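Per-chain residue numbering starts at 1, and chain names A, B, C and D are given in the order in which the chains are listed.
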Amino acid sequence: MEPTINSAQELIECSVPMKANKRTQPEPMQVNVNGVNIGGREVIIIAGPCAVESMEQLVETAVAVRKSSAKILRGGAFKPRTSPYSFQGLGEDGLKMLREISIETGLPVVTEIMDTRQIEIVCRYADMLQVGSRNMQNYPLLKEVGMTRKPVLLKRGMMATIEEFLLAAEYILSQGNGQVVLCERGIRTFETSTRNTLDLSAVPMLKRRSHLPVIVDPSHGTGLRWMVPAMAKAAVAAGADGLIMEVHYKPEEAFCDGHQSLSLGEFDQLMKDLKRVAQAVDRDISRQP
Amino acid sequence: MEPTINSAQELIECSVPMKANKRTQPEPMQVNVNGVNIGGREVIIIAGPCAVESMEQLVETAVAVRKSSAKILRGGAFKPRTSPYSFQGLGEDGLKMLREISIETGLPVVTEIMDTRQIEIVCRYADMLQVGSRNMQNYPLLKEVGMTRKPVLLKRGMMATIEEFLLAAEYILSQGNGQVVLCERGIRTFETSTRNTLDLSAVPMLKRRSHLPVIVDPSHGTGLRWMVPAMAKAAVAAGADGLIMEVHYKPEEAFCDGHQSLSLGEFDQLMKDLKRVAQAVDRDISRQP
Amino acid sequence: MEPTINSAQELIECSVPMKANKRTQPEPMQVNVNGVNIGGREVIIIAGPCAVESMEQLVETAVAVRKSSAKILRGGAFKPRTSPYSFQGLGEDGLKMLREISIETGLPVVTEIMDTRQIEIVCRYADMLQVGSRNMQNYPLLKEVGMTRKPVLLKRGMMATIEEFLLAAEYILSQGNGQVVLCERGIRTFETSTRNTLDLSAVPMLKRRSHLPVIVDPSHGTGLRWMVPAMAKAAVAAGADGLIMEVHYKPEEAFCDGHQSLSLGEFDQLMKDLKRVAQAVDRDISRQP
Amino acid sequence: MEPTINSAQELIECSVPMKANKRTQPEPMQVNVNGVNIGGREVIIIAGPCAVESMEQLVETAVAVRKSSAKILRGGAFKPRTSPYSFQGLGEDGLKMLREISIETGLPVVTEIMDTRQIEIVCRYADMLQVGSRNMQNYPLLKEVGMTRKPVLLKRGMMATIEEFLLAAEYILSQGNGQVVLCERGIRTFETSTRNTLDLSAVPMLKRRSHLPVIVDPSHGTGLRWMVPAMAKAAVAAGADGLIMEVHYKPEEAFCDGHQSLSLGEFDQLMKDLKRVAQAVDRDISRQP
C-alpha cells in the first residue's frame, strides 16, 4: 500500500488525471436523484429513520418529513452493526416498504448497500445507493456501485482523510458512474463526549478540491439528538449542499439510534430554522410542490 | 455503535460542586471586557494580527477592523513558537504598542500570557489575558490568572477533552476570578489537510454544560485563509458568542501565520456576511457606536 | 487524569454471552494452520511479499524465509489499494502460484480475501484466510468466512477500538468458525513520522480479554523497513504469539510496499535476534524440521 | 505558528542547524545523573512513587527498589492534576524528603518542575529535573531549565509529534544545557481501554534522529498495573535506554496513580525478567554496587 499523499496541493499537482479532481472538471456538478437535484442553489434535506421497522413507522415518518420540506427519504434495510447480536435490518421486506412509501409520497429513497451480492436487489427498489462509513474502502463494493447507473451517497470513513475519501469516490467514478454525493458524517478522535467529531471543515475542503456535491450527517456526526439542530445549522452555513438526518415518529421506541433521532416536531422546527440560515448564505430550502 | 457519552453524564453527576458546571450556575454569564460584553445577544468579533510587529501595522489593522465592526483587538507580544529559532515576539514593547492603540481606537485589547512571571506586566497593559492552547494545563499559570481580576480568554488545548477544558477553567474560577471566556480553536486529529480539526460541536456542548461564554478561533482551527469565512459562519450558526480571527494589513509579509490571516478587505466582506448569519439565528453584530 | 477503563470492564460485564470473551472460554486456544499451531509456546513467523508478482519472486522468497525459520508464507493475490489506478493483484493466477509454492516448500499459505464472491476460489487455494484492516467491519464478509472451516487471520481496523476488534471476531465465531487469529497492525493517530502507530499494548489487552491467539504486523505498523526489527523484537517481548512480516527478494523492485519490506538477508538476521528475545520471555522460535 | 514539518526526512534536510539533530551530533550521548549514566550499555531503571506522601512511604519504597537494582528514585513534590480539587503535592517538604532519602540510599532523585518560579528551589534538592507532558511546550519553563546545569528528563506531550518533541528538547539545548533525556510516555488516541497509547516506535525513531538517550514510562503509557510488565519488556526490546516506573509500597493506599503503580514484590519480579530481555538485545541491568 502506498503512503498517503497528504496535502491539497499535492493532490492538485498529482500527475495521474483524476476524475474527482477539480482540475479535471472545474464546474460544480449536480446529482439528480429521481428528479431531486443535489448540488444546486437549493439545500436538499434527506430524512427518515435509521432502520425500516414497519409500514406504520415508515408512513408516519415519511408523510411528516415531506410536509416539513424534506426531499428524499432515508431508511436502512440492511444494517451494519458493531455486534452480531444486534438487530440486522428487515432485508428485502424493508426494501419493498421503502419502494411502496416512495410511490405513495413521491419522495425518492436512499438506502445502504453492504455487499456486492446485494447490488441487483437494492437497485430494484432504491433511487440512490448509500455506501456507509465502514465500507468506504470496500473496493469491490465501490467498483460494483460504479458499474450501476444509480446515484451514490458515499459516506466518509470514520478514519479516512480527505484524500482517501476522494480516492474512494474515484473508485466509483473510474467505473463510469459520475453521480456521486460525498457525505461528511464525523471522524473518530480522542474526544468522547460526542459519538464522533463532526469535521465541518471537510465541506469547504471537498468543494474546493472536487466538483462533487457535499452533504453532512449531523445525526451520526454527534450522536446526540439535542445537538443535531446546532450542527445542522452550522453545516448549512459552512456551505453544505444538503443534510441527511435521522427522524423517527417515536424516537424512544426506535430499534436503533433513537438517542440521536429527532422527533417529528423537532424536525419541523429545525427545518424552519434551517431555511433562515440557508437564505443568509444565499441558498434556500423550498417547500414541496 | 454505541455512543460513549460518559463524560458529559459524569460531569453533571459529579459530586464535588464545580464552579464551571451549569448545575451550580444555571444562567449563562456575560464577561465584560472593558465595556464589551461577551455572552449576550451580540456576537463579539475579536480581530487583529498574530503578533505585534510595528506601530504602523497595528494602527492600520486596528483602525480597519474597528470600522468593520470588530469590538476587541488581538495581538501577541509574547509568542509561543514550536521552534526556538522562530520570532518570539516584541515583549514589553509590543504590550506598550497595544495599550497605545487601544487608547487611540477605544478597542479593548487581549494578548497572550505564557509565564507566571509575566502576570504583572501583562496586566498593566492588557484588558483581557489570553491563556493559549499549549498552556491550557499549565496549572501554576491558571492559578495566577485566577488571582487577577482581569477577564481571561482560555483556549482549548489541542489534545484536551471537553471535560479537561472545563476543569482547566475551574482552576481559574477556583481562585476567585469568574470572568472566563472559553475558546474552541481546533483539536489534533489524524487529518492533515487542515492545520487542526475545528470541533464546532464543542460550542453547543460547552454551552450546555457550563454558564461561561464560548467563542471560536477559525484561523488556528483551519490554518487556511480561504477556509476561515466558511468556518466563521458555521461557528456563528452553531451558537458561538464570538469569534477571534487573525487579520493583517499585509498577510504576505506577516512575521507569523500569514497563511491563515485575512486581509483587511477579506475581513470587511466576511463581517457583512457574518451579520446575516447572526441574524438568521437571532443574534446580531452591531456597528461600532 | 483518571483512566477510562470503561470498555474492558463493560465487555467483561456484558450480559450477552460472547464467544470471544475469556469468561466464556478461559483457556488460551491454539489455531492450527495446516499443521502449524499458533498460540502455543512457539512464536510463529509468517513472512512473504506484499503481493504475489511472479513465480520467480515467490520461489526465491519462500525458500529463503523457510530456511530462516518462517513457518507460514504470506502473499496477496487480491490487493486493496487506496487508488483505483494502483496495481490490484494477479487474482486467481496469484492464488495458483501460492498453492504451487506451498506444495513445493511445505509452508502453509495465508492470503487476503476482499469480497464475499471470492470465498470459494480463495478457499480452494489458501490454508488461511486473511481479512484486512479495511474490511474489519465488512460484516457480510466476516459472516462468510465464519461459515467456512478455514482458519482466519483478522487484522485490526486502523481506527478500531479493542472492543470493536473483538466484536468483529465475534461475527466470525458466531457463525461456527472458532479458528481466528487476531492481528495488531498499527492504528491511525496524529503522528505522521510512521505510517501507523503500532499499538503493542493491544497484545496483553487482547490476550487478557480473549482466548484467541494474537500476532503483530510490524511492517504495516511502522511502514519503515529499518524500524521493523526493533518493533518485531518489542512485539515478541510483549507476548505476541507470532509476527507477520513483509519480505521481498528485491525490495527496491517490489510492486508495492517495497519501502517496508525486509530483504532476505535482513530477515535472516532478524530471525536470529528474535529467537534470543523469545527465549528471554520463555518462548521459542524453532528451526524448520 | 508555523505548519509542522512532518517527515523525518524533512527534519534531517532542515537547513537551520539543530542541536538535537543527529547530523549535528552523530554520536549517541550519555547523560550523567549524579554518577548514573543514561545512554550506555546499561538499561537504567528509575522507580518510585507518583507523589511523595511521607518519609515512611519514601524510605520503604526507596530501599526496596534500590535492592531490586533501580538506579534513580522518582517522586513528585509538585503535582499537575487535571482537577484543582485533587491532591497537589507536598511542595518543598516533599523535596526535602527526597533529598534526605537520596543521601541515605545513594540514589539520585528526579522530580517534576512545573513553574519557572520553582527553578531555584527544585535545583537545590533534585539531581534531575523532570518536565512533564503537560509542559512539553511550556517554552519559558524549557528555557529556564536550559539555563541550569542539571540533567533534564523531558516527557513527550500526549499529543506531540516526534518533530515537536525534538523541537521542545531544542529549546533546552539552545540555552546551553545539553543533558536531556527524552521520555516516551504514551500518546492520546481514540483507544480508551488503556489510559494512553504507548508509542514504542518513538524509541527507534528518536534514536535515529537524535543523539539524546530515550527512556519509556510504561506506567503512564498504559495506566494499568497488570500491563506494565509486558510493556516494560517490550520497551527494552525496542531499544530503550531506560524505564521510569511507578512503584508504591502500598499501591491501594496511594494518593494518586495507585491503579498503575507496581507493588514492591511485582517490581522485584519484573526487574529479574527485564534483565533477561536486556541481555537478549545485548544490553544489561546490573545490580547496585
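We adopt the following convention: a residue touches a chain if its C-beta (ideal position, glycine included) is under 8 Å from a C-beta of that chain, and two chains touch if they have at least 3 such contacts.
Treat the numbers as computed from the prediction; the structure is a model and nothing was measured.
Chemist: Does B-C or A-B have more contacting C-beta pairs?
Modeler: A-B
Chemist: Using mean CA coordinates as chain centres, what's the gap between chain A and chain B in Å?
Modeler: Each chain's C-alpha centroid was found; their separation is 33 Å.
Chemist: How many angstrom lie between the CA centroids of chain B and chain C, rounded to a whole number?
Modeler: Chain B and chain C have C-alpha centres separated by 47 Å.
Chemist: Quick check: what residues of chain B touch more than one other chain, meaning two or more?
Modeler: 1, 4, 6, 159, 164, 188-190, 192
Chemist: How is the touch graph of the chains shaped: line, ring, star, complete or other?
Modeler: Looks like everything touches everything, fully connected.
Chemist: Where on chain B is chain A touching in the complex?
Modeler: By the definition above, chain B touches chain A via 1-8, 159, 161-163, 187, 189-194, 197-201, 203-205, 208, 221-222, 226-227, 230-231, 233-239, 273, 276-277, 279-281.
Chemist: Can you name the residues of chain D that touch chain B in the complex?
Modeler: Per the touch definition, chain D meets chain B at residues 1-4, 6, 16, 80-85, 114-117, 134-135, 137-141, 143, 157-159, 164, 167, 170-171, 174, 188, 192.
Chemist: Touching chain C in the complex: which residues of chain B?
Modeler: Residues in contact with chain C: 1, 4, 6, 164, 188-190, 192.
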